[in-house]
Every structure is written in structure tokens, then in C-alpha cells.
Amino acid sequence: MSTALPLYAQLINLFAAVILLLAFAMLAQRRVLLLIDLFALQGFTLFLSTLVVAVKTGQHHLYWSAGLTLLLKVLLLPWILHRLVRKLQIKGEVEPLINIPTTMLVGIGLVIIAFNVALPISQLSHTITRGTLGIALAVVMLAFLMMITRKKAITQVVGFLSMENGLFLAATSATYGMPMVVELGIALDVLVGAIILGVFFFQIRDQFDSLDIHHMERLKDN
Amino acid sequence: MLDMFVVMLAIPLVSGALLTVFGERAWAPNLNIIASGGTFLAAALLTVEIVTHGPRFAFGEQFFIDSLNIFFVTLTAFVGLTTSIFSGPYMKNEAAHGRLTIPRLRLYKSMYQLFMFTMLTALTTNNLGILWVAMEAATLTTVLLVSLYRTPASLEAAWKYFILCGVGIAQALFGTILLYFAAERVLGETGNALLWTYLVNAKAFLDPNIMALSFIFLLVGYGTKVGLAPLHNWLPDAHAEGPTPVSAVLSGLLLNVALYAILRCKVLADGAIDGNFAGNLMMGFGLFTLLLAAFFLSRQKDVKRMFAYSSIEHMGLITFAFGMGGAVANFAGLLHMTMHSLTKSAIFFAVGHATQKTGTQMMEDIRGLIRINPLIGWGLMLGTLAILGMPPFGVFASEFMILTHAMKYHPWATPVLLLALGVAFAAIFGKVQPMVFGETEAKRLPHAPAITPVFLHLAIVLMLGLYIPPYLTRWFQEAARMLG
Amino acid sequence: MMISLSGLLGQIFSIALALVLAPLLTGWVGMCRAWLQSRSAPPLLQPYYMLRKLFNKDVVLAHGASSLFRVAPFVVFGCMVLACAIIPSLSTNLPLAPAADALALVGVFGLARVFIALAAMDIGTSFGTLGGRREMLIGFLAEPALLMVIFTVAMIVQSTSITTIVETLGHRELAIHPSLAFAGIAFTFVSLAENARVPVDNPATHLELTMIHEAMILEYSGRHLALIEWAAALKLYAYSCLGLALFFPWGIAGGDSFLALLAALPLLLLKLVIGGSVLALIETVSAKMRIFRAPEFLGTAFLLAVLGLLVRLLLELKA
Amino acid sequence: MPNLLAIDYLLIAASAWAVIGLIGLVAPRNTRFIAKILFPIGAAVGLLAGSVALLALGGTPQTAVLVIGLPDLPFHLRLDNLSAIFILLLGMVAAGISVYAAGYFREGEGTAPGLLCLEYHVFLASMLLVLLADDAYAFMVAWETMALSSFFLVTTNHQQESIRRAGFLYLLIAHVGAIAILLSFGVMTSGSGDYSFAGMRAQQLSPFWASVAYLLALAGFGAKAGLLPLHVWLPEAHPAAPSPVSALMSGVMLKTAIYGLLRVSFDLVGTPLWWWGVVALAVGLATALFGVLYATVQSDMKRLLAYSSIENIGLLGVGIGLALIFHSYRMEGLAALALTAVFYHSLAHAGFKSLLFLCTGSVLHATKERSLGKLGGLIHRMPWVAWLALVGVLASAGLPPLSGFVSEWLLLQGFLFSPGLPHAWLNMVVPVAAAVVALVAAVAGFAMVKFYGIIFLGQMRETSLKHAHDAGPWEKAGLVWLALITVLLGVLPATVILRIDAATRQLLGAGLAERLQEHGWWMLAPISPERASYEPIIFLVTIVLSVWLGRWLVHHLYHGRTRRSPAWDCGYHFQGPRAQDTAEGFSQPIRRIFEPMFRMARHFPTARDKQPYYSVQVEDHFWHWLYLPIARLANWLSTLITSLQGGRIAIYLMYSFITLILLILVARP
């Protein structure tokens, strides 16, 4: 089956695989700055894949989408995050709540689940790159896992943004893009959200003297 | 002729922008109220138009107003108006107590208007993508509102709110993408594949497998915002730590809007999938939420937190009702949403004033409200009794329909309902009664509280418990029919 | 309702007879007791002498006595008269009988008891309340037992009307009812307790640890005391007649004729004489119980009565 | 003028009550206006409602539909014979209580008089609507409004924590009961979607679902009535409320629960199964015995009456059970006998228990004391109240010739025929139940003697009691009215039963009227005079005659000199009022005999105590066996569940994650 695939499809699948790989890499990464770089790399791969889809299908809103991805996820957000890390003097180590090998094992399990769930669905699709749907789901889940297992607020944010990457992958590669207005809105939300988060970090640091989320466990019922 | 729809959306957007700039002026609070009043007026006129002329589109086909969402729009605009009236003196008192600065008040007002805008957009849009965008935007605006006090607790609450709802909303987006994925096969790669009006016509042709997966993601995603257990964890924190008007609109409106999103998706899922797949899921979530929230209630110390759990409980009940489906249950669900919005916001108004009077949110320190201010005391007491489903208040009317309907079609669920309602009653009433009754030393507030909204809401709830006007009935029935 | 003249006469006669015979019966029991205890007996008319003396004495009322205290003796006396009026002693043709059946009869005794207990509490001495409490204790145990006895009998004849019971039991062919044996024993127990007899109470004592009836009437004097004493005698008479009517109904006149009534009189006297001596015998051979044995005693009576009822249901209905 | 039906008058009465309440709200602090004008008008309205109901008895059912209610379910109202009896009860008793209240609410209670007036009259109006309601929604709205208004009345003096707790417990149990009733209605509609009672009657339920409906109704109405084990609110709430409210709650509100139970089990649910009756009988017996035993050991006068109410409700339960058993075997004549006993006892209890509660109100006002240990000798200071209370006490003790005896007599007559039941076990076990009824009736006498003797008789236990004053004219009027009801119900049973027979006939198709009509109005012979008869009027006349005759003879034959002297003190001169029996002492025999029934905490003095004291506290086993374990379980569950909200965001995310994964894996269309 794979031999019959045209080049662009192979490319897209390749990019998708790279995104998944990067998601795993992020899950395994201990250092914050490197994590942000990996995130930027993931964004870049996403940009490439979107670009390929845009070129293939000729839908010009996908170009916009790709451009936005490049702008936001490869340049702006990593830059903001880098600045934050430096300004807030966050320690380089990311301390996971669960050790990394275990996390990786769970991650592999998640990928299997994601593929299994996506398989019957993607077979229904008429797009050739439908296989990426499973990868997108896996990326979303891995990002989710990262958010669960990391202690620092900033890694949670990276996980959150990485989840958006997974969603974008699904939106562009699996369905060849959502309607323009939707993508614009999503991008806007992500941007505003990131800015608000940035503001938040300063406030959190002011109040808690740290960005460790375990300081923020006071509101509870038990 | 002026398009009331455009007016309705424009007023909060423009006034939000204005307030961002001029929010520190003396007339700013009044502008907030006037803008909300204008929104409500426009919504009311729009309602009249929809009722007389039937559903309509706006901005091409991107917006669509039918009997289902016009009902939510009116409710949202109304509660938005009363909350803004309430928040006038409330926020002044907060400022007088030194809990808020003038710039924060500006932020509050502008975000409030923008929040109204996002909710009205979410309610009226025909595009499920835009619905998602508006929901996310509503989250963002309310995150700023929740963290308004900038205390450690409020920041923590806002952070949790942001992350949990952000993740939730992200799942909803995945669900939306899957929906698009399914719709695209039927409707083609036009931009219409996310338009609800198209989807609903083609719903029978959507692939059931994809729709099932999509609905799961949408339910978990938007369900996080509704506060379905076990996705509810952000809700009590956000309600307790934000300013009380924000708690009122969160409980009274935002939860409704999120549930509205689920309902729109449920219609599509029901069309695509044989059997009551979506309904069963919702019933399961609803019951679980109801039961869990009831037990949570009995352990609360903070009054706003407790009523936040009460909102969760009622959302569970409403979700259960919609899960049962059918004309009666949907009717009851819609009615309950209305009643819950009105009652819960009234309670939060009363609670807000009460906490200002006593200077604490801890229930064991609040005593004898009926002595400090009989109106606040009675407002809280009656509101609590109403929310607990005591007739002749309207909440009972909907609970009556839900319970008897459940007894009829899902008798296995009734022990759970009975248990949860009983536990919730014991928990809430046992805590509110000593707050209202008993002895205490009084304290005067710098600004007289706005009691009118409390009793206005309660009066409406009382009236609807005894008499639902026929046009309202028709409207509800029409909406219930749309939900299948 | 037609009341025949003879019926009316019979009714008045039976009431008058009760008023006359009751003190005599008390006197007879006293005599028998004395004989059995080898004492020289008081005269048979001793109760009459006592009544006359009491009626002639001044009434000494305690300071705290209220009007209830003064009304109570009359009410108690009235209740006992009514009780004697409706229990067939000579004839079942009693115009007043429909006014109260056996259940109402229990009510009449209850009414009298409540009044005397309340009167006892009225002065506010420790004796009075003690007596009132003990009387009510005896009462609430004896009353259901009595009711159950009546129930057992009533089920046999399917009626609670005492006259019907007597007519049915007395004027039909002999049938053996084992349940009646249980009921009879229970009734004896109850009668002993209700009439303040040994082993439950001792009518002749004023020892504070044991007395019940006497503790209640300590503050009474003069005509009030006379009425109470007379009422007590009437009560004994009423219980005796009730026992005779329920368990030995033979010989009680059924018809209208005044002659039959007269003919029944000697038989009644005989039965009363035997009953009185049996009572004296029981009182002599048994020892006075501690007050807290009384509930056990009466509880036994209650259980016996219920047992009688069960025997009736189990053996006699199934057969 | 339009031709108004009885039901229209009743609607007018209900609205009049509501309007009176609202007027009270207009002048919330004007005590004089509210007490002396509004309450008497309310009493007149009650009298009107009662009279209308009395006239409507025996007529054909009348219906009305209001505009208010749910969209497809406007309020349906219906006046039939069953509701007429209870409206008669409500109207007549409420009239007396309202007149009394006009004198009672003189100075400010915890709540403003205007508000109190509103709550009181809304309470009355809602009870009337409960009795008229003909669909589930109207019934539930009226029912819960009744609970709510009475809750606010109970918590009138909400400054006291114990009263708040009592109110909470009351409303909680009322609410849980209401949900059970609601579910019962839900079962009875059985999918037809027709919530009107007419619709429920038309349903043919399977035995299983009919039983579910019946048991739910029994639990729900039992919670309101105070049937075991849902009685715990009653001895808390009744003493907490102001006395007229206690009187209304005990006298009337409990009867609405009986009404509801009768409505469901005899009218709506269809043919009963035999064991339904057994359940009601057993629960009723247990309740009656429990209530009366606890009544005897109380030392608070209103609690004593509250427990006595539990006892009476138990007896009503016994009656309902017996009627159900007979009804299920189609022995309608005997069922009618038992049912008549139920109706009669409802009426009787409403009269005498309201009377007694009002008497305690007067005592409370005169002495500021509720504890029996601090009362005594009030007959000297409050002769009116004392003598009227005696009427209530005798009736409550079930003594002839008052009202309480008639119903007990009817009930026992019913038991007498239970061996005829065509069921091997029942015909043996049920008659034995009569033994328990007899025991209950006898112990009730004990409790009532204690109540009356300790409050009104003896010496005053506190010196402050010397300043006690008798009830005012309004209060007297109310008391006299209720005492009159009690006496009339006692001496005219045949007349009353002929009027209420229509309801029995409506529910069972059989009644006692034919038999009764064969004899005079003075004679109560439900089967035949040979079987059993009772003529209270003759009874009364005979006793009065003999008393009078005795008195006349004594006064004419002997000189009537009386002297006063101190009571005999055994030569010990220091016998003060303290030497009398205390409330605890009086009930000591009961505590001793029925020791396992009570949960007692006793402290005995020892020889070495510096300040020796004796104390005994009796608590309810049900608290410790049922309610506290439930509370503990709920608490434990809450602890378990609240640990879900542990504050860690990672854990929260995990919940969401696991939910999602589980749904993806498990949920399939």
C-alpha cells in the first residue's frame, strides 16, 4: 500500500512521524530550554506539513494557516517562552512527577490506543493522508501526559501548546484544513492565551516566589 | 432598519473596548449597566422578531438564530443585565474595602462586556468552529476575571481554570475536527461543513463511528466547562476565588453556554448514531456528577464554594434530563437551566452582599443575616430553598418533570436521584439555615447593596413555578422539539 | 327503643341491689379473712357502720385541695354505679346495657381510675403522687389484660355486649371452651389487682412501701371518703358480677318477668358468698408482693389472656 | 350572582387566607391589628371552610381547574367526600386555633408578627390545597408549601440553636418524604404522562409496581405523619414551634399525611394486596407503642404531647392497616368499620391534641416554663385552662364518654372480627395486635395522668408560679371551642358517623350508615346492638345522674361542713413542694418495665459525692441505631469523595485524561 503513495503523501506522513517523534522527545526531555526548542521544532515540522498540504491542494487559506503556524509556534511563542525562562530565572531542570522511563512506557501504550481508535475512522476518509489522524491523536495524548507528569507551570504550558500542535496536525493533514475563519479564530485564541499566560507567570512568581505548581495546591476540599 | 442581532453583538464589543480605554472614568460603572441594558433590550427585540418571523441567519450563514438559542440569548442578556446592576455597588464596596484598585475595576468592566460578547457569539453562531473559538475566548476573559484579586488563591484558581478548561477545550476542538472530518465526506470540502444548519440536514448521513468518537471528545471537552464530574475540579476554585458577580455569571451563564454547545452536538450525534448513544453517555455523566456533587456539598466551609458545587449538582441533573431526551425531559431540562440560572445568580448576589457584610466567606463565621439585613437574609434563604427544589419555586417544576419522567423510563436511576437530592438538601440547608438565622452583630456597608436583582430573579422563579405563560411554553416546547 | 316497665324496674332493682350488696360483700370477705386467719371477725355489717360514721363526720380538706379533689369521689362513685348497672347480675334484661358494652365497661373503670389518681396527685404530698403513680402502673397493665379477657370471650360469642355474652353462654348447650380457662385465670389476676387485694395491694395496710389504693385516698375524709369506700365496694361487686357473668352465667334470668328476677337472686347470693370466700382464701394464702413484682404478675395475666385468645383462634376456630 | 359550588367557596377560603397573610405583611409590626383583626377573620374563614365541607359531605364530587400550574398540567382540584372530611377537620380546628392565636401572639416573638401572620395563613391555605389537589403537581406544590411555611413557623424563635436544629431536621425529613411521594406519583402515572389523579385511577398497575407505589407513599406520608422510623423530627419540631403552630401541626398537618396515605392506598393505586395492610399495621403498632412509651418518660410538656401524637398516628396506621387487610379480602363492611375508626380518630385527635397543645401554650405564657419539673398546682391559678385541659386529657387517654374512646372502640370492634379473615396466619396474628392496641391505650392513660397531674395538680414546684394567670378571653374562646368539639365527638358518634359515612362509601363502596340508621341517633351499633353497642349520651347521663344524685343525697342527708387544714405530713414538717413526685419519678415504673425500649443515661449519687445528684436522660434508640450510622456513612462517603478534590492540578488532569481514555475504549454506539 505504501508504495502506491504519491510523494506529497509520503512527505506528510514523514512529517507526522517526526511530530510524533518530537512529542516523545519532549516527554523525555528534562531541560526547560531544550523543551522549548523541541516545541519550536515540532511547530516547524507542522508548518512544513501544512505547507505541503497547501501546495498539494491549492487551498490558499492553508497558506495562511501555515504562515500563522510559522509565526506563532515557531517564532513568537518559543521566543516569549525563552524570554520568560530567562527573566523568571527558572532552573533548567524539569522535575517530572513520575520518572521518565515509566512515562515513556505509558506514552507507547497511548500511541497504541490512539492508533487503534483512529484506524477504523481513518479508513473511512477519502484523503490519502488519513493515517495522520492517529498520529495527531497520539500527539494530543502525549502532550496530555506531559501536562500530567510535569511539575513546572511552564512545562504545562508547553504541553498545552504541543497539544494544539497535535490538533493542528489533525486539522490540516487529516482534513486538509478547517474553514478559514475558524483557523483564524483558533490562532487568535492561542495567541491571546499565550500572552495571558505570560502575564500570569509574572503574577504567579510574585505571589508564590516560584513557578512550581506544587505551590498551587492550597485550594482543596480534603 | 436596524438589525437587532448586530446591535446585540455590537453593544458589548464596543462598550468592552470603550471600557478598556475609559474604564476609570466615573461614568464607567453606569456605562457597564447601560450597555448590558442595551444588550438585553436588543435581545428582547430580537426575540420578538424571531418569535414572530421564525429563525433567521446573519452574516451570511455564519450566525443563526432559532428558538433554541434565542431562549438562551435572552436569558444570558437578562442575567447579564441584573448582574451588572448588582456588581455596581458590590464592586464599589470591594474597592472601598481596598480589595480592588481602580485599574482592576476597569479590567473587570471591560472583561465583563467582552465576556458577554463571547457568550452571545457562542450562542448565536451557526459555525461549530466559531462556537469553539467563542468558548475559548470566554474562557480567556473569565480567567482574567477570576484572577482579578491577584491573591495567591485567586491566581491558583485562575491557573487551574485556565489549564483544565484549556485542555478541555482542546479536546472539544479535536471533537470538532472529527466532526468536520465526518461532515466533509457528506457535505464536501466547502466551508459549509461546520455550519450547523447544514450538518443537521445531513446528520443521518454522518458516519456513526466518527460521530461517536467526535461526541466523546466534545462531551469531555465542553463537559469540562459544564462542570461534569470528574472534570469539574476547576469549578469550585474559580467560583470561590473570583469576585461574586463573576461567580454569578459563571454559574448562571457560562455553564449553560457550554451545555448548549453539547446539546447542539448531541442533536447531530443522535441523528448519526442509532440508539441513544449520546443520551446514555449524558445520563451516565449526569448521574455521576449529581451524586458526587451532593457528597462534595456536605464538606464545604466556604459559602461560594458550596454553591459552586450546587451548580455542579444541578448541571448533572440537567445533563441527565437532556440525556433522557424526549419532549418532556428536554422541556424539563431547558426549564431547569432557566431556573437554575436565575436562582443561582440570585443566590450569588445575596451571598456576595452577605460576605461583604461579614467580611468572610467562611460559613461558620456568618451568622444571623436576617438580623443584619432582613432582605439579604430572606433573599439567601428563599434562594436556597428554591435551588433545593422546594415548591412553589420553579426549580421544583422542572425537578418534578425530571423525576417523574425518570421514574417512568429509567426507574433504576431514581434511587440515585433520591439519594443525591436528599444529601444535597441536608448539606446545603444545614449550612445556610444558621447563616441566615441566629444572632450576630451588624455592620454597615459603605454602599447600599442592590437587592432588586435578587428578588427580581426569585419573583420570576416563583412565578414560573406556579404559572408558565403560554408563549414561554410554546417557545420551550419548540426548543425541546429541536433537541429531539 | 322501647323500655318495658319490668325492664326499668329490673334495672332500678339491680342498681339498688348493687348499692346494698356491695358493702356486704366487702364485709363478707373481711369476715372470711378474719376466720381464715383465726381472728375474731368483724360483723358482716361493718362496712355499713363505717359508711354511716364517715358520712356524719366533717370533711377535712387539705389546704392545697382543688375542686377536682372534691369532684373526684362523686365521679368515681358514679362510674361504679354505671358499671354495676350494666353488668347483668340477676337479669340480662337491662335497659342500660346497650349504653356500654364490655369495652366501654373497661373504659368506665379507666375513667374512675384516672379521676382517683388525679385526685391523689392534687394535694401534692409525696404519698398522693406515689399512690397515683402506682395506681396508674397497675392500671395500664391490668386494663389491656382485662380487655383481652373480654376479647376472648367476645370472640366466642361474636359480641362485646355483656348481656349477649351472658345470654349466649348461659342459655345454650354446654360447650367446653379451653380458652375460657386461660381467660378465667387472667381475669382473677386482674380482679385482684384492680380491687387492691393481696398479693398486689393490701386494703388494710397503711405501710408506705406497699400501699397503693390507700396512699391515694390518704387525704380524703368524711363523706368523700365514704363515697370512695362505697365505690371500692361497688367495684369489687362489679368485678365479681362480671366474673360470674362471663364464666358462670348460669342462672341469670333472661326474660322479662320480675319473678324470674327474684328467682335468680338466691343463686346470685350463693355465687357471691362462694366467690367472696374464695377471694378471702386467695388473699390469705398468698403473700403481698413487692411493688415491682406487680408488673410481672399482671404481665402474666396479660399473657395468659393473650394465650387464651390464641387458644381460641387456634383450637376452637380451626376445629 | 353566579351559582357558587362548594369547591368555589373553598377556593375563596384558601385565597382569603392567602390575602390575610399578605395584609399582615403590609403592617408587619402592628401586633394589635394583626392579632385582633386578622387572626379572627382567619378563624371565620376556617369556620366557613369547615361548614362548607360539612355540607358537601355526601354530595357528588366537584372539580375545578385553575389557570396556574405546569403547561400541560394546570392545577386540578377536586372536592370529594374523602377530602371533605379532612377539610371539615382543618376548618373547624383551625377556627379554634386562630381564635386562640388572636390572644396568644401578643408580644413580639422572634419573627415579626406580620411575617408570622403570613406564614400561618399560608400554612392554612396550603393545607387546604393539599386536601383539594387532584393532580400530582398541585399536590406536591401545596404539600411542600405546607412543609415550608410550617418550617418557618417552627423556627419562629430561631435565635435558639436547638430550634434551628429542630427546624432543619424537620424540613430535611419532610423533603426526603416529599421526594418519595413524588416518586410514588411517578410510578402511578406509569408512563401515561397523565399526572392527574383521575389518570392514576385509570391505570392498571402490575402488583409489583403497585406495591412500589404504595411503599413509597407509605414512606413519604409516614415521614410527614411521624411513623417509625421517620418520627424523629416530630418531638423536636413540635415543642420548638409556638403553641398554636404546634397545635396546627399536630392536630391538622399530621392528618394531611393520613389523608394522603388514604388517598393513595384506597383511591389511586387500585386494589390493595393483603400484605400492604400488614405492613401498615405492623408499622402502626410499633409507632403507637413507641410513641406512648416515650410520651410517659418525657419531662418537657410539649415533647410529651408530641410523642403522644406519634402514638395516635400509630393508631391511625393500625386502623389503615386493618382496613387495607379487610379491603384486600373484599370484606368491605369490616373495612368500613376500620376506616370509620380512622376517620373518627383523625377528627378526635385533631380536636383534643390541638386543645392540649393550646393549653400548654397558655401555661407557657403564664409561667415561661416548659419543663414539667418546674410546674405544678396550676389548677388554682388557671382554672379555665386546667378544666378544659382535663377534657383533652381524658379524651387523649381514650376514656369514655369523650372522643378518643369512640375511635378506639371502633378500632377494637374491627379487630374483633379479624378472625374471619380467609388467611391462615392473618386471622391469628391480627387479633393479637389488638392486645398491643389495648396496651397502648392503657399506657396513654398513664402518660396523660402524668401530664395533667404534674402541670395542674399538686403544689407549685416553683414560687414564681404564684404569679401565673389564667388565659385571656380569646384564648379561652379557642379552648372552649376545641373542648366542645371533643365533647360533641364523644357523645354524638352515630350522628357524626352518619355524616362521614359518605367518604367510607366512596372509598370502599360500603359504609355503616344503614346499620346505624336502624337505631336512634344516640346509639352507636355498627353491626347490630346484639353484637356491640355504645350509647355515650346515655352513658354520660347515667354518670351525671348518679353523681348528681349522690351529691344531692349527701348534701341533704348529712351536714355539709368542711374544714381546711394542712395536708398530713407524717409528722415531718419539712415537706415542701419538692417532696412531690418529679416528672422523672412519675415515669420510673415505665422506664423500669420497658427498659430495653429506652436508651438511658443515668447518674446515681454516691455517698461520697459533695453535691449528690441524680439524673436520667432518655434518648431515642433510633438515633443511635439508624440516624447516626447513616450520618456517619454519609460523612465517610463525603470524606472519600472530597479527597478527589486534592488540589493538585496534575491529578485533575489525570481524571480528565482517564475519563477520555476510558470513554474512547469502552463507549461504543
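First chain written, first letter: the chains are A, B, C and D, and each begins at residue 1.
The working rule: a contact is a pair of C-beta atoms (placed from the backbone, for glycine too) under 8 Å apart; a residue touches a chain by one contact, two chains touch by 3 or more.
This structure is a prediction, so every number in the text was calculated from the model and none was measured.
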Result of counting contacting C-beta pairs for B-D and A-B, higher pair: B-D
Among the chains, which one keeps its Cα centre farthest from the Cα centre of chain D? A
Mean-CA-position distance for chain C and chain B (Å): 78
Whole-Å distance, chain A centre to chain C centre, using C-alpha means? 100
Taking each chain's centre as the mean of its CA atoms, chain A sits from chain B at a distance in Å of 31
Cα centre of chain B to Cα centre of chain D, whole Å, reads 44
Residues in chain A with touches to at least two other chains are numbered 117, 144, 147, 156, 213, 216, 218-219, 221-222
Can you list every residue of chain D that touches 2 or more other chains, as numbers and ranges? 639, 642, 645, 649, 653, 664
Chain C residues counted as touching two or more neighbouring chains: none
Got a list of which chains touch which? A-B, A-D, B-D, C-D
So in the complex, which bits of chain C are touching chain D? 1, 55-56, 58-68, 74-75, 77-79, 81-82, 85, 96, 98-101, 103-104, 107-108, 110-111, 113-114, 117-118, 121-130, 132-134, 136-137, 139-144, 147-148, 151, 154-155, 158-161, 164, 218-219, 222-223, 227, 292, 295, 302, 305-306, 309-310, 313-314, 317
Where on chain B is chain A touching in the complex? 62, 127, 129-130, 132-134, 136-137, 140, 143-144, 147, 150-153, 155-160, 162-163, 166-167, 170-171, 173-174, 176-178, 180-181, 184-185, 189, 191, 193-194, 207, 209-210, 213, 236-237, 240-241, 296, 299-300, 305
In the complex with chain B, residue positions of chain A that touch it: 117, 120-121, 124-126, 133, 136-137, 140, 144, 147, 153, 156, 160, 163-164, 166-167, 170-171, 174-176, 178-182, 185-186, 188-189, 192-193, 196-197, 200, 203-204, 207-208, 213, 216, 218-219, 221-222
What does chain B use to touch chain D in their complex? 159-160, 163-164, 167-168, 171, 208-209, 211-213, 216-217, 219-220, 224, 230-231, 233-234, 236, 273-275, 277, 281, 292, 295-296, 298-299, 328, 331, 370, 385, 388, 390-392, 396-397, 400-401, 403-409, 411, 414, 418, 421-423, 425-426, 429-430, 433-434, 437-439, 465-468, 470, 473, 476-477
Contact footprint of chain B on chain D as seen in their complex: 67-71, 136-137, 140-145, 147-148, 155, 158-159, 161, 164, 167-168, 171-172, 175-176, 179-180, 182-183, 185-187, 189-191, 193, 195, 634-635, 637-642, 644-645, 649, 652-653, 655-656, 659-660, 663-664, 667-669
